[in-house]
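Letters are used for the chains, namely A, B and C, taken in the order the chains are written, and counting of residues starts over at 1 for each.
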Amino acid sequence: MSDPILTLEGITLSFGGLRALNEVSFDMPEGGITTVIGPNGAGKTSLFNTISGFYRPQAGRVLFRGKDISRLHPPKRAKLGLARTFQNIALFRGMTVIDNIKLGAHSHLQTGLLSALVYFGRARREELELREKIESKIIDFLEIDHIRNLPVASLSYGLQKRVELARALAIGPEILLLDEPVAGMNREEKEDMARFILDLNQEWQMTILMVEHDMEMVMDISDKVVVLNFGEVIAQGKAAEVKENPEVLKAYLGSGDVADMRRRLGAENASGAG
Amino acid sequence: MDWLFFIESSLAGLCTGAIYALVALGFVIIYKATKVINFAIGEIMMISAYFFLTFAGIFAWPLWLALPAAVVSGGLLGGLTEKTIIRPMLGESPISVIMVTIGLSNILVGTAQIIWGGGPQVLPGFLPRQPIFLGEIYVSSKIAFSALIAVAMLICYLLYFRFSRGGVALRATASDQAASFSMGISVPRVFNFAWIFGCMATALAGILFSASGGLSPHSGGMALAILVVVIFGGLDSILGALVGGLIIGWLETIVGAFWGGEYKMLAIFTLLTLILVIKPYGLFGTKEIERL
Amino acid sequence: MRIADAVSSYSDDEAIFRTRTQRVWMGILLACLLAFPFVVSPYLLFLGCLIGIAVISATGLNILVGLTGQISLGQGAFMGVGAYTSVWLANQFALSLAVTLPLAGLLTALVGVIVGLPSLRVKGLYLAIATMAASVILHFVFVHWESVTAGNLGLNLQHAKLFGMELDSDFKLYFVIIPLALIAVTGARNLLRTRIGRAFIAVRDRDISAEVLGVNLLRYKLLSFGLSSFYAGCAGALWAYFFKVITPESFPLEVSIFYLAAIIVGGMGTILGPILGAAFMTLVPEMLKVLTLLLEPIIANAQVHLAPMKGVVFGILIVGFLLFEPHGLAEIWRKIQRFFRLWPFKT
């Protein structure tokens, strides 16, 4: 694998007295699946928010293809291709599925106010092209043709997560950031989602950064695993290596009772889904 | 600059401010507990003053009975409002909640016109009239006594809020609804209680204002200044209500005295705009933290 | 319920009127609007114009409140800005409505953008009060900038011309107002189908997520304020041409509340809603007037209670719709449609 596509350098983020992230540094190989794991409250979502630009870290830099993007506003970062999904589903409830997905493409569209008001020429052309593209690439791929005109609020949890992924794909990701993509899903939905993620990585050559609690899935599909604990990176490397790292076992897997931890995480995810 | 006039106006302004603080306190209690901003506050003041007019003027009840009865009636009107139209709206968008209270204010104005007629009326006098002189400084005794009553009520409220069971439940609910609920506090009852409690303060202030300023179904407009007070002080801050009330009352009176009545509104709303630019959540309000 | 179609029909799927029936109904509606002034009494014509103006303003307010989720209590004052601008321009430079109307809209849009600036820092209740402050300040300007507004005396429109024609009757104005209302509504409808409309809704539903997904909050909030005020400015200008006299009291806070009520009663966030709401809320007081006339023989002083009853009914409508049909008349209309399976509109 080539140069890193995203590099984090010494990211430190505090909320008042709380250090959510402390000197976090790692990089992501282009074309790989990197997974961030860590116990609840470790700072994984905060890390995502920092990469998206929603949180401004007190120290550290975010480099995208070697360029410092630390001062870039969130919408600009989206336009660069930092596309993400959210841990707590953040669909726009007043819109249909297709409109939610179209919104993802927002920063690549050109339509200005006047042409939007008359919906003629460019506005119309652009909308139709976008529709074609979304239909043929995203909707087909994620198998959501049957729900495209439904309001998102009427969908099941699993489908909502899928629509979120679709919306992120519409951004035209250079890096796809997935915050707990299978949390709260049933087995079948999880398998579907894992398949989509693998396909995206292997067939679309997409670079993926993911937060996930489901260890089975993490170990199965990650090229690289980064372990966060209390805002610090305590280990990183190949999945198999990290799994054996004693520090990780101590911090993350608790007193060694893995089954118990799984049960706990499962329960949490279920309640998060409700 | 006429310093004597300035001091007199300042005193009058602070007296008005004390009454503003009382209304603002009622407003903040309601907001803290239920997160509802009550645009009908002026109309509740107005209706309560009509209650007083009815009890003291028409029924000719003595003051010691008519005043508390009117205040309690105002509180019950608040409680009724909460039960019937506010509770179903909890959790709706701010615009819907605001509009439901605006709707209520229209209903109250129309009702007052139908029951008591549209013209201005004078409340039976219950405040002393002889002017008070502090050395050379003249103070209207109506305003001074109104302020004293308002301050007494404010003190009762603050003590109650601090020490009583109801006050504690109210504060607990304001800081964390879910936690209070799990500790056995009946949140709906607290909501209702907050409205009754808040509207009683409002009612008293309404009566005091009308006692010196006259009363008509459109008197509710006076509450525009209250909105400024609470935003200025911070919607969820009791201290803000008190400080804001005094500052706005003072500023309004000074501007009115030195430049003329039509500049009052301009002055306080300009101040409000400045505050929103500099400190968006008011002097003492808590900033709303947003998370993704 | 229509679901998937072949790829070739995406453009149909994106169209406003998807079926032939819809187009036919639309044609009938247009024909009725065209015939209306020829067949009705002057009084109804007067109401028709009034509704047209209200539709423009309500549609504009809906863009801001219903679609973008920003509360504004400034719509009335914005209409005032438009009205004063157009009358002043017309009187001062003998300009035609074709010039004064867009200029009034643009200036109001500018004012709207400035008033919208606090929306970048405050939301909800705080924003409502901030816009109210703006409306108080604008009212002050109307009263005190006497060289332009003539203070409390107000302005008379002396030069009401369009393409050389004197706009001196409701009949003529009808043919100015209604086409403009149609354009205004169509514009809003079109907007909804594009990235701009989607961005507005995204800001309303989840502003910070929208920002992370590529929507520039600053730009879209201000754009919404600007566009909505542009509509208000145009509506205000038409109002001035319609009544010929404007004073600061023509645009009190109650006007802002009237329009908020109209979009709530009609159905916020839809295109049909503001139309129905504006028409309904304009007609209700008139219906009450008719009712009191009918009741006069039975109830001695029914006339006296007219004004208070208007207030009470106005309040009850707001509260009642919020409690029992929060999606407004548009939703009722949709239910009726579903019942009859006719689809003249897609909302």
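The rule we apply is simple: a residue touches a chain if its C-beta (ideal position, glycine included) is under 8 Å from a C-beta of that chain, and two chains touch if they have at least 3 such contacts.
Bear in mind the structure is a predicted one, so any value in this text is a computation, not a measurement.
Asker: Looking only at C-beta pairs in contact, point me to the busier pair out of A-B and B-C.
Answerer: B-C
Asker: Taking each chain's centre as the average of its Cα atoms, which chain lies closest to the overall Cα centroid?
Answerer: C
Asker: In whole angstrom, how far does the Cα centroid of chain A sit from the Cα centroid of chain C?
Answerer: 41
Asker: Roughly how far is chain A from chain B, centre to centre by C-alpha average, rounded to an integer in Å?
Answerer: From the centre of chain A to the centre of chain B is 49 Å.
Asker: So the centre of each chain is just the mean of its C-alpha atoms; given that, what is the distance between chain B and chain C in Å?
Answerer: 33
Asker: Which residues belonging to chain C are in contact with no fewer than two other chains?
Answerer: Residues 208-209, 212 of chain C touch two or more partner chains.
Asker: Could you check chain B for residues that touch two or more other chains and list them?
Answerer: Correct list: 292.
Asker: Counting only residues that touch at least 2 other chains, which ones in chain A make the list?
Answerer: Counting only residues that touch two or more other chains, chain A contributes 54, 86, 90.
Asker: Residues of chain C touching chain B in their complex?
Answerer: Within the complex, chain C touches chain B at residues 65, 69, 71, 118, 121-126, 128-130, 132-134, 136-137, 140, 143-144, 208-209, 212, 257, 260-261, 264, 268, 305, 307-319, 322-323, 326.
Asker: How about chain B: which of its residues touch chain A in the complex?
Answerer: Listed in rising order, the residues are 292.
Asker: Using the touch definition from the top, list the residues of chain A that touch chain C in their complex.
Answerer: Residues of chain A touching chain C: 52-54, 73-75, 78-79, 83-84, 86, 90, 92-95, 99, 102-107, 109, 111, 113, 116-119, 123, 126-128, 131-132, 135-136, 145-146, 148-149, 167, 171.
Asker: In the complex of these two chains, what residues of chain B are touching chain C?
Answerer: Its residues touching chain C are 37, 85, 88-89, 92-96, 98-100, 102-111, 113-114, 118, 217, 224, 227-228, 231, 235, 262, 265-266, 269-270, 272-273, 276-277, 280-281, 288, 290, 292.
Asker: Can you list the chain A residues touching chain B in their complex?
Answerer: Residue list for chain A touching chain B: 45, 49, 54, 86, 90.
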